[in-house]
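Next come two complexes, and both contain chain A; in the first it sits with chain B, in the second with chain C.
Right after this comes the complex of A and B.
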């Protein structure tokens, strides 16, 4: 079911890009990439019941790996994408030994801290551009065709389709049921023979792969990255997407990404009309308020309401 | 070389004193509610921005400082009433996300009200720099240290020598039993937010003359406050004090020796080490709720 709906969405995007102005095509790409990250995050947070406040760092690792390979080594972004996913996975694997020993409050703190440490590394490591990052990152190409906005939107949503199909299979397998068991009670799951340590680690690594892939595509499609692109605020945004859509829902990830991006656009256009003096990242205020309101009023996200309506 | 390092240590003591104040707020809220309040740093931002804005408008510094602490406390109380209390049935992760939302919302609010330009607050008293064993401290540093002394002394007296403080300690030790003895847990939760916000706001007010105030200062201060609190053990006020100073000194040494960009990174590396090697912190007891 996930696979088929993913293909329907992909087909929809592939048609839409021929009619939308390029600005909106860019937004579609953004939604697709955010959705990809959030799908991975939902497996880790929603299904396995863990928490990560540092997901932006894995997006950054994917982006920086691919950009560094392309700019310094003239490696094609296609390989850069795979390398980005692998490096993100490797970092997640190593960090999991530190972070996944912790629960709830302290896990949140540790992932937040690790995310910021990784951002400091981006800032301080001159080899990868330091605070100015990379510019003129080569784009994807197929033969003689260099990707344009439309192609990136299609690529992003092809990855979403693939990602949601794979994640759908994961969460409906015995692996996914074991994850749900962990989130319901880790000790109980262990007594039933669930190897919670290994499963949590694998899910964390998988979520980093999703983030790394999205980062690699982001780097090439924007052709510019710097450390501030992968800040703590981006991690908060992923949490917001996850919560809005429904933390234990794969479609929720797509819906959450779309809602947050659309909301950002609306706020950017509406708020200056109401409050002409507002400037800068003023949307933050609303994002925070919406996050709180969602958690109080609809803690299982928009998709939970849809599911109830259907039942 | 030694003189240079000593100067870093002194600078570390000053920022460490601020971290200790913010960490104290974390510890208060964590002890009473079992909640890590990710918005803690924003109370410091509100204190710093309110006092700086009022002082820039011509108000005497101490008056502006008092109003700023009041504004921060009211904000803290409102945060509890509007965001935490309605969701009190929620589980741990949901509450973490709610305080995360508060953090983002308050920072956005600061941006609305005060814009992106840094504001400055005059030092509380003039005079020349103070020399300590050859290192120099700005006069404001004395105010910072004095604030720490007063706040921690007041907390100590409250918890050890007042009836209400004893009741809070009972509530922390065993919430259900304290509740059967008529101790109002929810009221305490409310006041822990107010007190934490007041202390955080005070920290922001005293640091504003040193660092100047910006709408986004809360995140950095809040994160440093966390590290200090975890370093000290999350459930220990003396731990918060020690953790604040240790973190401040290590950060400034790392910043001086490596580069200033590493200040925060080193703080978090310490956090990670502590979480792995000694999750109960330097002075804390074995973790209860975490």
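Right after this comes the complex of A and C.
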């Protein structure tokens, strides 16, 4: 079901890109990449019942790995994508031994701090460009064809289709059921032999793979990255997408990403009309207000309401 | 000289277990054994240390001193999952439900651990990849798990609940599911913490039937229960705790007549 849903979306995007102006094609790519990150985040937050406020760091690691390999080593972004996913996975694996000892609020704080620390590394490490980052990052290519906006949108959504298929298989398997069990009653599940720490660790690493892949594609499609692209605010936006769509929902991840990107566009155009002196930060302010409103009005996300309507 | 053949095989050994919380002694130097295919009642007034003792056996609480072993291998010092993998599982005073799963899926969680050698997931990463890629082998195993789960629910007399969301269960149904889930891991030792409290007579009968059939299949059942009448009726032997100490051990009849036990219970009522 998830696989087919992903393919339908991919087909839709593959058609749309021929009719949309390139600006909107770029937005489609952005929504796809954000959706990919949020699918991974929903596995960790919605299914395993944990919290991560540092997901942007893994996007950054994927982006920086791929960009550094391409710029410094002339490695094709296709390999960079795999390397980005692997490095993000490795970092998540190592960090999980610190972070996953903690629970709930403390885990949220720890992931927040780790995200900030990784961003500091991006800023201070001259080898990867320091605060000015990388520019002129080589793009993806297939033979003689160098990717254009359309191709990136299709690539992003092909990855979404793959990602949602894989995640869909996981959540409907023993693995996914065990995740739900530990999120509902960790000790109860452990007394049945469920290795909760191992499950959480693997899901955290999986979420980092999704983020790393998205980051690698992001780097090549924008051809420019710097540390500010992967700040704490981006992590908060991923949580926002997750919550808006519904954390225990894979479709919700896609809906959440689309809603947040669309809202950003609306705010960008509307806020200056209402508050002429407002700058970019006001968008973030309004997204924050919306997050709080969502948590009060629809704590289980848009998809929960859709599910109730169907039932 | 003929050796007296013991009909009972020793399974669980609790040796000199003490638990101190700061200055409070919750369990003091408790020693007993539980055997396969018997129901061992654990009695005692409130605060006697029964639940703490269960926490020690199931690996939730590390004892201050003493140790617990099963068939000669040490349980003390192992994590809850590892204790479970060795065949010791439990239920809780307040049933722990896996909200988000159906009744059948909850049992499948327990079964998955058993099917894969005691803990789930088995080999790191491989299981995640097999599930994610939906390999044919993994799908077959899922179908098997589902069939096993239905068989267990039928055995527990709750097959009609199989498709229901766990959020929708009444308290008594939660108890029955928790019990079925625990039995799904094919335990050697099953710790039941007040499995009869707040149940109606039909549910009590269903739980007692489950306990007896677990015993018949060779499980050592440790039963903490405040319903003394039911406990004495179903238990083969009884251990009585008071203020953390073992004050009596023996057949239900002997224990019920023990003046120390009567005193502990009456004393408790007067307090």
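Quick note on the criterion: the second predicted complex is superposed on the first by the 311 of 311 C-alpha atoms of A that agree within 3 Å, B and C clash if a C-alpha of one lies under 4 Å from a C-alpha of the other, contacts with A are read in each partner's own complex, and residues count from 1 in each chain.
Heads up, the rule we're going with is that a contact is a pair of C-beta atoms (placed from the backbone, for glycine too) under 8 Å apart; a residue touches a chain by one contact, two chains touch by 3 or more.
Just so you know, these numbers come straight off a predicted model, no measurement behind them.
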| item | value |
| --- | --- |
| Partners on chain A (chain B, chain C) - clash or fit | fit |
| From chain A, separation angle of chain B and chain C (C-alpha centres, steps of 10 degrees) | 80 |
| First, second, both or neither for A:193, with chain B first and chain C second | second |
| Contacts of A:169 with chain B and chain C, given as first, second, both or neither | second |
| Contacts of A:148 with chain B and chain C, given as first, second, both or neither | neither |
| First, second, both or neither for A:285, with chain B first and chain C second | first |
| First, second, both or neither for A:123, with chain B first and chain C second | first |
| Partner chain in contact with A:136 - chain B first, chain C second, else both or neither | neither |
| Touched partner set for A:239, first chain B, second chain C, both or neither | first |
| Chain A: partner with more touched residues, chain B or chain C | B |
| Nearest-approach distance, in Å, of chain C Cα atoms to those of chain B in the combined model | 12 |
| Residue ranges of chain A in contact with chain C within the complex | 166-167, 169-170, 173-178, 180-181, 183-185, 187-196, 198-199, 202, 206, 248 |
| Residue ranges of chain B in contact with chain A within the complex | 35-36, 38, 82-83, 86-87, 90, 92-94, 96-98, 100-109, 111-112, 115-116, 219, 223, 226-227, 230, 259, 261-262, 264-265, 268-269, 271-272, 275-276, 279, 287, 289-290 |
| Residues on chain C engaged by chain A in the complex (per definition of touch) | 58, 60, 79-81, 84-85, 89-90, 92, 96-101, 105-106, 108-110, 112-114, 118-121, 124-125, 127-128, 131-134, 138, 141-142, 145, 178, 181-182, 184-185 |
| Of chain A, residues touching chain B in the complex | 45, 49, 51, 53, 98, 101-106, 108-110, 112-114, 116-117, 120-121, 123-124, 131, 232-233, 236, 239-240, 243, 275, 277-292, 295-296, 299 |
